[in-house]
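Report on the following structure.
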Amino acid sequence: MGNTFGQVFRVTTFGESHGPAVGVVIDGCPPRLPIVLAEIQTQLDRRKPGQSRLTTQRQESDQVEILSGVDQGLSTGTSLAMMIRNADARSKDYSEMRDKYRPSHADYSYQAKYGIRSVEGGGRASARETAARVAAGAVADQILRNAGIEVLAWVESVQDLRAEVNDETVTAEDIEANDVRCPDAAMAERMFERIDAVRKDGDSVGGVLRAIARGVPPHLGAPVFDKLEADLAKAMLSIPASKGFEVGSGFAGTTMLGSEHNDAFYADASGRIRTRSNHSGGIQGGISNGELITLRVAFKPTATILKEQETVTKDGKSTTIKGRGRHDPCVLPRAVPIVEAMFRLVLADHLLMHRAQVASI
Amino acid sequence: MGNTFGQVFRVTTFGESHGPAVGVVIDGCPPRLPIVLAEIQTQLDRRKPGQSRLTTQRQESDQVEILSGVDQGLSTGTSLAMMIRNADARSKDYSEMRDKYRPSHADYSYQAKYGIRSVEGGGRASARETAARVAAGAVADQILRNAGIEVLAWVESVQDLRAEVNDETVTAEDIEANDVRCPDAAMAERMFERIDAVRKDGDSVGGVLRAIARGVPPHLGAPVFDKLEADLAKAMLSIPASKGFEVGSGFAGTTMLGSEHNDAFYADASGRIRTRSNHSGGIQGGISNGELITLRVAFKPTATILKEQETVTKDGKSTTIKGRGRHDPCVLPRAVPIVEAMFRLVLADHLLMHRAQVASI
Amino acid sequence: MGNTFGQVFRVTTFGESHGPAVGVVIDGCPPRLPIVLAEIQTQLDRRKPGQSRLTTQRQESDQVEILSGVDQGLSTGTSLAMMIRNADARSKDYSEMRDKYRPSHADYSYQAKYGIRSVEGGGRASARETAARVAAGAVADQILRNAGIEVLAWVESVQDLRAEVNDETVTAEDIEANDVRCPDAAMAERMFERIDAVRKDGDSVGGVLRAIARGVPPHLGAPVFDKLEADLAKAMLSIPASKGFEVGSGFAGTTMLGSEHNDAFYADASGRIRTRSNHSGGIQGGISNGELITLRVAFKPTATILKEQETVTKDGKSTTIKGRGRHDPCVLPRAVPIVEAMFRLVLADHLLMHRAQVASI
Amino acid sequence: MGNTFGQVFRVTTFGESHGPAVGVVIDGCPPRLPIVLAEIQTQLDRRKPGQSRLTTQRQESDQVEILSGVDQGLSTGTSLAMMIRNADARSKDYSEMRDKYRPSHADYSYQAKYGIRSVEGGGRASARETAARVAAGAVADQILRNAGIEVLAWVESVQDLRAEVNDETVTAEDIEANDVRCPDAAMAERMFERIDAVRKDGDSVGGVLRAIARGVPPHLGAPVFDKLEADLAKAMLSIPASKGFEVGSGFAGTTMLGSEHNDAFYADASGRIRTRSNHSGGIQGGISNGELITLRVAFKPTATILKEQETVTKDGKSTTIKGRGRHDPCVLPRAVPIVEAMFRLVLADHLLMHRAQVASI
């Protein structure tokens, strides 16, 4: 199956890269939430292609239409559907793909699984489907803002270029200040140049996104399987091109001693229980502890490149393939709103689940 | 909620560290599968405490009892329940824990969420609940073996000590050849010494597990949210003390160029479509491509240490706490069967889902 | 939540009576299934308003558009979305409804639950949302026909007028032979006259639908909670205006003795195990036994009537209300394709679940 | 699958009639709820065999053991497991059943589905599994009582003998006043005699249970598929031997005119919006409207009878079978606590879902 995410705040998406439309149905949205089309559109605009020369030049205005669940600007509590028509298909670019499998794309595995696939633009495996997630994430953001929760993501590294960013003070404005979406302005410039150079060479690069959540109360998450970090890991690894996930100290924490890694508790001036360090990444035993939630997501270099590569035809014949025309030399700038959206979907779902089980007993 | 995992092969677990028992109910188990108690017990014995001086000396025989779903050694297709009685409780060791929050444990976050918690041994947050997962994983293993799929995990690194292991040739026997469960014998010895030294110092260390699956056909997984790597990431991050997950090239892949990272397709002598490299880790577009599935899981150093640490009481008063008696200086050797179990649960679930949707149309 | 149905063949619907559109997303649809737009449209045409003077004169062409999941006439196995634009809104007819609660409609309970509601046409509570179910049911029918399963429903009674129909021999053509969708032609005429008389009087009537499934193999269903009759009961009671459900002997069976009610087994000429009677309605222990599956659904008289009725305003003030213009004096003829659709959704889901758990072990 | 019920308050059961135990795991139970073993035991005692000569003489003390999720008498919010050991197996009574299919039991359909079955006592298809439901229902009752909701069920009819009971005034004590669990004392005596006469004849009878819920606030339920009556219908049809379900006016309502059936709204002295009649059964548009929720469940005559019946062997050979020893001549008195339990599971689940989506926005 695979097209539904969440247990109580549940999103179901549809749509292929070159079909008529992509869209999402949200089930379980709280009623009387302001649903501001312009805010959803703002998020979609951050994800859409053609924002700068770092991103694919495919022309998509990504105009969202609300199909149900909103009455006079407020959510009704019933299923909330949104749709984005696809515009710029150019399916002629994809004729070669009908016969040849693109390396490190989903062409072969989809064909092997289903015995059929939507060839143009990768069909359902295209990053285009993430537009639906971003729209849903903008609705989740309404719920989170009401609860005082803020989610931010930014580009932390491109290849070996790594930014220095202060988790505590970074703002959404800092992130949007440049096309790379890296709030370290000096490093952002170097990243831009790197990506642009790679683009000119018809190649691609990967990197790491950092994401945080502020204001999360100490009770989101669940024991055992639905640990908050487990649901976040699933959310992030469901994003196309992601290859790794860390929460808190992550892989670096594996070289520390327990006496260094443990987060000592103390009570702050207001009596609130806090931790001195935050190697836990704001989650202990699967449940948020009130500290900043911190995570990282690894993105591989874009699979589409404009260089000749070895591959096979559907019949298993040896051949070569070479991407043409439009491509993203680096997915990271456009992945920022997608990571934020998935982060928000997880937090909103756990917020509602907490209300179900614990709130107002 | 949080105590159920999987969609079609669905396991639900119960039990606290110092309650009467831990256990699991499997719903959706195929019928007429040989359920061999000794095999399940073997897996539980790999996870149980007291195996060597590297692991906690808590005495638990972890004898599993089958409560339902098996008739004359075969699964009946109805709910299959298994239970492991807790024996060695020693709840006096935990009296201090009633008032003080142990750093980097779940004590505080559980209390903050539920307003109550099972204090002894961490209750539901204890790694003891993973015994239930291991029992379920042994049943999943029956399904996978019938399909020709083998899952293996081993200790790849402890702190900075990193083993060299050949994914293609490593065997279950190699892994079980030493107490560390690291198939690089020379490095295993150094790891043993490191862990033992840290143990004597009352401290703890973390490390990285490597896991692979062999023989996975090119069709497990699903598009979008239930990508195979997404479900694996959730599975692994749901294990106590895990902090990170990588599939294929993982974080290291973020420094490569697309032209280096892409896995070129070719047809092997038998005509089977293969890839030259396997940076994808055996999964493309969320669906297995027939190559080895490869992943890594980061485990932090054990939170329980025998050194004095700063913390607070339930009332927020400043105090110190110091672990006593039994603890695991390093969770990795015992985490090996847990990682294998979770890996198997994910693969078995996706195997059955594939049959539901695609097989025998 | 409430907008998703099914576990493996899973449909999620959206849309209000007077919003932009209604639609459905199917997750888990098998790939390479012929998706024939004309067949889906045929089912929608059986449900649409304005078919005869027995049904509301609202003008809706109910043209379905496929948004995703179909490639060159075949399902791709990824999420299959369909949408039907709403045309004839006439929201002026509903101005009175903004302030007054219509008796035996969902106006009050929706308002009490959500604190907001889509007033026009009953919003999400409108029978218009069933168009989405009918479209999904037409896809399920493709799966069932491949498995040799046929589902039929017809009007068995209107008020006290009860048809005599032979379950074994009745055909789809017999049912479509008249506007009432009752295959007993003589009784259909009397029903027509009854409904028409009531319509002229501005009143409404209810009745009972009968539905059967032929060719169901002896293995659909599951023990305990997801018994086949349990899922069918839920499916039928989820249809607007339904008030009761029977399988097999139903309420009438409660007056029989066990020795009369039990269905004796015998082996037919071909050696197939059959039952002499079918009081079980083709399901035993929650699992189909290979006999005809038989059920009944009770539909109350339409709540919208053109007579003055006592009610209250949103502020609790006493007032009266009177329906105007278009209404269905009897929902039963249009409920036939809806009952068939829900029946098919249940069977298709259980068919795929059976394949997941049992088939091709 | 089939062994899990509910979305947020989720119960998973296990256990066969003659296996080691039956039991239940509750996921999503609110924390800090008093879990009083004696109250759970009281409900189990109402369901257990051997209560009077109307029920099977199998000796089962049905002592419940809590395995997890309770700390010092309060629920912890983590998975709550309960187990009831089976005592009186007498499997020799069942030797004949290994070869012959009992008419109108699940023997044949289980065998046809799974190719294997737990023969003794019907295995998982036995009404014995409902003990687990009753235990879970007792926990749900704690949640409902906190919310001011009371659920009652009683025997309304046995064959043609039909009691007169006032929904508004009937009490739990009235129901428990006799072995039949019919609060119409005079009719209860006639029912007792009827059942006893049938028992002596080795035959069985069915009947109808009535159930109501008082104090349900006007907001439980959901639109479309998870309508409150739909989930109740599923709950009731999942009980062994049930064949029909009605909410409100049910099948009788199909003979009324809309003008008779509609429930006029008015505001009572306190300003609360009420309905003059309650043909809706307390649910409109799938959501409770604050009136009494009323339903009926049809139970067929027990399939086990002590008379010779025609059947076949596993190999399809013609033979006869005759029940021996212990049986329930009428399931209805023992079905009362089961119907109450399932009713409570549905209401508790919808109560928590309402809190998730709507409460404390």
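We just call them A, B, C and D in the order they show up, numbering each chain from 1.
Heads up, the rule we're going with is that contacts are C-beta pairs under 8 Å (C-beta built on N, C-alpha and C of every residue); 3 or more make two chains touch, one makes a residue touch a chain.
These numbers were taken from a predicted model, which means no experiment stands behind them.
Undergrad: Half is the threshold here, strictly exceeded: which of A-D, C-D or B-C has more than half of its contact pairs identical to A-B by residue number?
TA: The chain pair with the recurring interface is C-D.
Undergrad: Compare the CA centroid of subunit B with every other chain's and tell me the farthest one.
TA: Farthest from subunit B by mean C-alpha position: C.
Undergrad: How many angstrom between the C-alpha centroids of subunit D and subunit C?
TA: Roughly 26 Å, centre to centre.
Undergrad: Measuring centre to centre with CA averages, how many angstrom lie between subunit A and subunit D?
TA: 45
Undergrad: Taking the mean of the C-alpha atoms as each chain's centre, how many Å separate subunit A from subunit C?
TA: Computed from C-alpha means, the inter-chain centre distance equals 39 Å.
Undergrad: At which residue positions does subunit C touch at least two other chains?
TA: Counting only residues that touch two or more other chains, subunit C contributes 1-4, 7-8, 13, 28, 31-32, 77-79, 113-115, 124, 223-224, 353, 357-358.
Undergrad: Using the touch rule from the top, collect the residues of subunit B that touch subunit C in their complex.
TA: Where subunit B meets subunit C, its residues are 7-8, 28-33, 77-79, 146, 223-224, 352-353, 355-361.
Undergrad: With touch defined as at the start, can you tell me which subunit C residues reach subunit A in the complex?
TA: Per the stated touch rule, the residues are 1-4, 8, 10, 12-16, 19-23, 25, 27-28, 31-32, 65-69, 71, 74-81, 83, 113-119, 123-124.
Undergrad: Considering only the defined contacts, which subunit B positions touch subunit A in the complex?
TA: Contacts found on subunit B: 1-5, 7, 13, 101, 103-106, 108-110, 112-115, 122, 124-125, 129, 157, 159-160, 198, 203-208, 218-219, 221-227, 229-238, 240, 243-251, 253-267, 271, 273, 275-276, 279-281, 283-290, 298-305, 307, 309-312, 316-318, 353-354, 357-358.
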